[in-house]
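Listed next: structures, encoded as structure tokens.
Paired with chain B in one complex and with chain C in the other, chain A is shared by the two complexes that follow.
Up next is the complex of A and B:
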């Protein structure tokens, strides 16, 4: 993996560590669990999100204010990081952020299909990928999904979009298209990481970890939902599991056997500890998913300590920031729909 | 010592004055190396610390004092070199 000690790498990795230290600590979430939406808004408004809350305070109220402020802050943060990262780190950061393109395009397509007004769709977009605010705004002005797809003619995901769109339009569901887009994305990312660029190996290690965790999450979710037919479609290649492993894991009915098989297939100490815990303690699928995310973050944290001046410290921050926003959104949404705190806590990654 | 030097000088065909002058020259080269090499060492050491310090200051201005202090700590290396250089030249 090689140690890189050039000054720009040290500079940007230190900035990321400083930013990471400013993220909300676990205790803060626990305190927020006992608060109302307006109190949460106040706390959020006093933290790193102050600027967004102040700017949007006049246009939005209550839960909408938090949601929009969080999305704006996340997008701003991601744009800023792309500006300050040097050389190949910038390239890898942009590759990592490409997933937001999928999310934004799918949000727009879904919104348009269901006739949601553009203003409402715009509130939940996160312009962090290669499609910036201007491009997304232009897409929002179009009424028909066909035209929106046409606008993406020069984009990397266009071949998959044109291939899958007729089917999605017919069935009215974009889930198959979403799976295909993500598979395409991961295949592309792996290609980029393997292209021999300096630092590609550390990036590849992260991507493989992410794919592994994603596949394990899918397996747990499939078990909970008891759906078998589409299992193969949801598998993402490139990690430790092969399609055959995935299918055979999905076919196992007994939980203990299932967990032992995952242990045998994926070597990751933090994951093994969690799997042992799941064996003895029953938890909902939401809880397991949040814990799996935690495993991923812990593993990334370890990797970033092993390679202190690589893409890892940047990725750790990007991921942790994303989950901070997810957590705050889950908290606010949960409180809004008056869920009990014990239920909300299962959704939080902390 | 002097006798040996004379013999050596006779061997290579140098006079006592020439030997004295060459000793001064060698001292000057030693002093130059002492300051020059430690200067490079300091530069390398300060590169990482400086980059990290600027990164930290960019995020939080309160780190300015501490960052500056840590950045100039490797400066001691070049000061050692300077001291050695001065000792060589003036003692």
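Up next is the complex of A and C:
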């Protein structure tokens, strides 16, 4: 942490900590696990999400109302944070939230290709990135995917879209383009973090952690699906693993050997503890994925305590807010689907 | 066939005898066909029971996975991933013959896909989407298999019913009626022969007297 910290940085980091303290505590989730859907709806309607619930109450009902209200609140909160963060923190926050742009643009392109009505596509957009509601609405009015891409001329994902879209259009599958967009996003984030701006090192440390966790999640997923040949395409550079490490890890059939090799390549104590647990307990990939997310959040929290006036408190809040929304949605959806509480709790990130 | 409509002639008797022979042959063949179809039906019934059980299990698993996907990814995530489906499964319908019954043979492809071929990106989604997609692919496969088996079973049942009706009609209606008509003609012909003999004897005795 630098010695000279400007007042706006201190101010915004303190605000983030304040906002984080307002998030639902673990005990509240435990309490909600014993509630019915209508009780959860009431609690959500009386909390921070009241405004969205009231706004959307006429358009949506029941569980859909909760889900859309939660997403809208998340988008609104993220937009607000992008407004209040100063200087390089704003730049880092914006580049970090660009993943939502990727998700929204891909949803619009896929929806348009499949001939889904604009209203239906709009319901599943979360304008939490740099493309706000107005920009997404404008894109939705366009019928041609080529024109939609044209509208993104000033966006950082434009080069990848122009490069990959013709291939995606020809093959009818956007999967390669989607992977490329995410890889490009991480490459951009690393470039920005390494550009020498103040606080870049802290941002880089977090991004490397995220890339490591993402690569490990991908490796577990590819193992479950027994994908060998095209695995290299899923590798995100910039973390502790090299492409060669990733490919050789994916080729290992024995779980213990696989885990030992991850341990040797990525130095992270919390991750090591989890990997040891996986070795003995052998949970499913979904369980491992949820646990890896918890490891990531735990590490972020540690980083945020070590660097209290950096990008870390903002990122921790962004992630914790996201998981609050995910948890509430999981609780409501899980209860609606009559999943047992013990199963729902496995997927909550607390 | 009413007995009064029958002409008691020798040619009619020959005709009837031929018909009886033909009916009995048909009866035997149809009976064998019915028994054969029943055997085939029982063979398929065992498969149908298994496939129906499997279908129900896979349906429950798919529904559970969908609930889980909605829980973990939300309806937004699930719908967004569903937009990426690029190819729908192809079903090819052929037919095969089981003892004269034409039954469907359904071949399918592009049902099961690897995570790479499903159309969504691996880096933007989670495992629960893979497992849900996989559960639904298995369900579609089970539906296709069940459709083939259950249609075959239905067609076999229809054919068994039809054959049974024919066998019964031959056994209890056609053959007894023909036999009765044959016996009637035989009796009438014998009667006529006796009358003729008696008449001849009468004429002969009148002539000698």
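One rule holds for everything that comes next: the second predicted complex is superposed on the first by the 331 of 350 C-alpha atoms of A that agree within 3 Å, B and C clash if a C-alpha of one lies under 4 Å from a C-alpha of the other, contacts with A are read in each partner's own complex, and residues count from 1 in each chain.
Criterion: a contact is a pair of C-beta atoms (placed from the backbone, for glycine too) under 8 Å apart; a residue touches a chain by one contact, two chains touch by 3 or more.
A quick note: this is a predicted structure, and the numbers were derived from the prediction, not measured.
Between chain B and chain C, more residues of chain A are touched by C.
In the superposed model, A:7 makes contact with chain B only, not with chain C. Once the two complexes are laid over each other on the shared chain, residue contacts for A:196 go to neither chain B nor chain C. Of the two partner chains, chain B is the only one touched by A:15; chain C is not. By the touch criterion defined above, A:115 reaches neither chain B nor chain C.
Once the two complexes are overlaid on the shared chain, A:178 sits against chain C while remaining clear of chain B. Within the complex formed with chain A, the chain B residues making contact are 47-48, 50-52, 54-56, 58-60. Within the complex formed with chain C, the residues of chain A that make contact are 63-64, 67-68, 71, 99, 102-103, 106-107, 110-111, 113-114, 116, 123-124, 126, 171-179, 181-183, 214, 217-218, 220-222, 224-227, 230, 233-234, 236, 285-286, 289, 326, 329-330, 333-334, 337-339, 343-344, 347. Contact residues of chain A toward chain B in the complex are 5, 7-8, 10-15, 18-19, 22. Of all residues in chain C, only 67-68, 70-72, 74-76, 79-80, 83-87, 114-124, 126-128, 130-131 touch chain A in the complex they form.
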